[in-house]
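Both of the next two complexes hold chain A, though its partner changes from chain B to chain C.
After this line comes the complex of A and B, so read on.
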């Protein structure tokens, strides 16, 4: 409906009228965000009763109003970008009006901790912002879509490097800010803001530009990303909480990249993948000298990591040998069964796994007499002990990422992709499909095993329930949500999997419901995942002029086809 | 592509004896014999459902024949598709089966798979041997794309190629496996006359490289002007085999395609 209204407005105003409407809208939003949004204080987060500064969720409409100047400059994609931002202002404001007025009675116990008082509690600032947002929608909707010139900034090399540093700094800054947002209503507003802001930037071609930039300066980007990742613990002021969460994200991301080899590259749907992670975790816990264990042998950490990875890899091959003769749905069902078998064995092999009690009291790592649990002082910054594990994760993740990228672009990787694309044709081209599928299974399991051993130290205990069907599905969902076959997708998906539930504490038991809804929305509107595989992106904009008259399927169908495969 | 000079004593490139394939109660291929000599182009024709593609599938290990013997240059062929390709048989498919989301170059590189050997460790280590093999593979793939006339499409995704180019890419991919015998399953299906003519040129050039070719085709002009020998398959059995003119004049072939003439006496 919203798009229908917007379409009717297309090319309806003259430029002066449009500028006037948009200008008034922008002024309304700016002033509305500086005025109070609630008439009296009742504990609604973000000091929304105070005037003169954009506290709480008021910040987001204010930032989104920055698209207004696009009305005056002709740039490709500005209509769609402006509409995204303007609808974002309307949406975020409307949500906050609802939260301030009726927070307690919203469905699903959305904001059970606060809100109430009816519309009388909503102050003038919120209404002004809403009105301003609507005017901006109208102004952008009145633009003609084809009245735009492409925008290809070309900067000298030093400035490009600066742009990379700036982009990564912005990401780190956004992460740090986002982690400090504690209240549910503010977090939802923030997620909405990030979504529409990214949509606006993507439609203006900024993302394409930045990715291209990252591509052309790979080494610099990688180095800068590494620096940003290393700097993160120093931004936490000695607080271990988020460092701990990020360490978990790192472990899961490493496992997700392993799963990406199996699902994303070779196209084998594995629904029991978490079992390999579990094998690694058990090996890690058993040989680490845990307090309550059945194996009273303590081996050096590096040996245990390799051992966990190798044993998990062997399990992968053992499970793969009979199952990989199957294809598609049958393979998925059988792997699901094997995943359950692992969990049930872990429950019942008391002599090894201590059954449902699990292995607990896994000690802190100690390499060469250095205890990883200790707090450190580095350059005047206090680093909690957990930062050590965070750095171990970083190293693990770096190794896994390097392995994935190198395999992806190699003879083996091409064979995997060929098998995913058309197994029969791959066999006819001389590829031993069975052996290569087994290899993919084994390598995926190997990576999961390595991640699992490290994770046993992060969680300090290992029990069968952590490696059930649900965990396999969540990991798979993280890969699909983030973008199949990409590193960024696995990272982002794992991060979403961990951060969002942490933030939406008041949702607790509805967490999976939300995750499910998010998954449906993503698959419907962006089937290639948040971070698209270049292969799939190339399908969408294949700029080869000589193939312009190709009789191939339309791009939309191509994406759906690629994902449903 | 190296050419081994055939002598009288040398075994034929392909020798199929009594190849039979039974699906349940249906005998799709029934005791077919076929021999292909060095640098020979053999046509395989027959009405729809005659078992031509099933015969190809038996040759390439995609179906296991119920009975019969197949050998390539005197050596029995394995029943596994990738082994057959390693031995030196390569094929294309009736309904194009490229890897749609890979570029043309990558498609051809996949064809190089069985002639290269770099494994996981060397892919991770990226030593000099890995780099050399990768570079050689790329050079060879580009050469093959050039050969079929689509070097400028090297970076285009296979799915975005025009139909005729997709057919040619499939041939380039098959050639990348360094075959001695190429099996083409309806290479000109859906092509216009110009495209068919250039496909014919391409098949001739492939033969000049020293390959033997078996081609299934419904386009009779294509078959009769290209093939040294033509075999006609009807209901799984080989009806006639001979030169183009012999087959053309054989009343049984006409009957197989058009049915018995009505008695006009």
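After this line comes the complex of A and C, so read on.
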């Protein structure tokens, strides 16, 4: 509907009128965000009753209003970028009006904030911002439709490196800020803000430019990303909470990348993948000298990691051998069956797994007398014990990512992609599809096993219920939502699946409901996921009229997609 | 021997439910080659809709009379299940008909989780098990030492009746013929003037209606339901469909009965109840490995 309204306005105003409408809109948003949004104080976060500064969610429309100057400058993609930002202003403001007016009584128990008092509690600032946002929508909608010509400045090399550092710094900064936002309504507004801001940037071609930049300066980017990841624990002021969450994300992401080999590269839908992770976790816990265990052998951690990975990999091959001859959709159900069998066996093999009680009291890691649970002081920063695990996982992730990229760029990776696209054709080209599928399965299982052993130390206990169908689905969701076949996608997907529920605590119960909806919506509208693999995106949007939509995929990509079919 | 006969009867009754759900899988697969992973959830939704009819709509004075209760409960279950299935088809699967095979499968998983959570969160008391009325009361029947609950006997008759009716419908009616044509070759069927979209919708609706009846049956037999029954029920019914030869209607029923009997027997004689769900998965894997076309299936050409 929104697009229909916008389309009707297309190329309707003359430039002066457009500038006037947009200008008034921008001024309204700016002033609206500096005026109070609520008439009286009832505990709504962000001091929204005070004037003169953009506290609380008021900051986001204010920042989005920065698109207004685009009306005066001729840049390709500005109409769609401006519309994204302007609709964002309207949406965020409307949401906050609802939150201030009705708070906890909103449907689904969305908010934990008090709110209330109806629309009478909403002050002038919110209404002005809403009106300003609507004017901006109109102004941008009245522009002529854009061509697709992404933003492509060529900067001198040192400046490009600076741009990379700046982008990554911005991401780290955004993460740190996002983690500090505590109230549900503000977090939802922030997520909306990040979404529309990224859409606007993507539509201006900035993302294509940055990805291209990353591609051209891969080493620098990797180094900078590593630095950003290492720096993260130091930004937390000795507080373990988020480091702990990120440690969990690290393990989950490593497993997700493993699943990405299976699903994203080879195109095998594995619905029982968590079982391999579980095998690793059990091996890790059993051989770590846990307090309540059945195997009283303690092996060095590095040995256990390799052991867990190898055993999980073997399971992968054993399970793969009979099932990989099947076609894709059968495979999904059979792997689901195997996943359930794993859980049922873990539940009933009391002599090994201690049944439903599981193995608990897994001790902290210790390598060469160094205890990983200890708090450290580095350069005057205090790092809680979990930071050690976080670093271990960074290493694990680095290894997994390296393996993934090397595989993806190799002959094997190309063969997997060929199998994914058309197994019959791949076989006709002389690819031994069965062996390569088995390899993908085995490697995926191996990675999950390694991640599982580390996880047993992070969670300190292992029990069958942590490795059920839902966990497999969560991993799959991370891969699909993030983007199949890309590393960034798996990382982003895992992070989102962990952080969003942590933040929306009042919503935690409805987490799965949201996942279900998210899966349906993503597959329908953006099957390539948040971080798109360019080739895959070209395939998925092949032949649909909005091809190249929001993607900035190079024009050649569509042809490549068509040919690869 | 008596124990064996008893397990055989239990297995057949169990298999009737699996068979009814399996029909939905098999028909949809036969027509659009889609494993409708969410079908198990349609079965679960049917059970809950029937229960809602019983506990919230029917006045208490009527609850004792099976001749009023049963048709109304089944009707509610069928109406709700069919509606849900049609919504899923229209907004979930139809837009993806030309998409890669992985896409509708992931959508199906999404739908499945969504429906489970919807029931868990918004059906009063559905976070744990909820009790289901027995509806048909009365003492068990004894036949040569084998005990059969009245409900079970009734269910078996209904299931068989529905299966025969469906078979006749597909074999003899004009619409049935159109369904067969669509499943053989959708493009040619369209050229022959068959509205294939309508046939696909009809297939989903028929499958959902049968699943809804199975849902009510399951509730009556176990006297309780919960939001998770769709997952196992769905996987087992899928196994039954594969066992019989997916796409084959007689096969689905046969597969259901065989699976039910296998499950009852392994539970009794081989593995014990802790592993009762393993049996189905092992059967599934064994069939796919050794006889992927199933008991009655013909060899299907691989479609690109």
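Quick note on the criterion: the second predicted complex is superposed on the first by the 528 of 565 C-alpha atoms of A that agree within 3 Å, B and C clash if a C-alpha of one lies under 4 Å from a C-alpha of the other, contacts with A are read in each partner's own complex, and residues count from 1 in each chain.
In this section, a residue touches a chain if its C-beta (ideal position, glycine included) is under 8 Å from a C-beta of that chain, and two chains touch if they have at least 3 such contacts.
The structure displayed is predicted, hence computed values, not measured ones.
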First, second, both or neither for A:403, with chain B first and chain C second: first
First, second, both or neither for A:433, with chain B first and chain C second: first
First, second, both or neither for A:424, with chain B first and chain C second: both
Chain B versus chain C as contact partner of A:469, first or second or both or neither: second
Partner chain in contact with A:344 - chain B first, chain C second, else both or neither: second
Which of chain B and chain C A:323 touches, first, second, both or neither: second
Partner chain(s) touched by A:520 [first = chain B, second = chain C, both, neither]: second
Which superposed partner A:413 touches (first chain B, second chain C, both, neither): first
Footprint overlap on chain A, where chain B in one structure and chain C in the other make contact: 422, 424, 539
Complex interface listing, chain A residues touching chain C: 263, 267, 269, 271, 322-323, 325-330, 332-334, 336-338, 340-341, 344-345, 347-348, 422, 424, 469-470, 473, 476, 480, 509-510, 512-513, 515-520, 523-524, 527, 539-540
Chain B residues touching chain A - in the complex, by the definition given at the top: 60, 62, 80-82, 85-86, 90-91, 93, 97-102, 106, 109-116, 118-120, 123-124, 126, 130, 133-134, 137, 152-153, 155-157, 159-163, 173-174, 176-177
Interface residues, chain A side, partner chain B - complex: 402-403, 406-407, 410-415, 417-418, 421-422, 424-433, 439, 443, 535-536, 538-539, 542, 544, 546-547, 549-553, 558, 561-562
Chain C residues within the chain A interface of the complex: 34-35, 37, 92, 95-96, 99-107, 109-118, 121, 231, 235, 238, 242, 274-275, 277-278, 280-282, 284-285, 288-289, 292, 302, 304
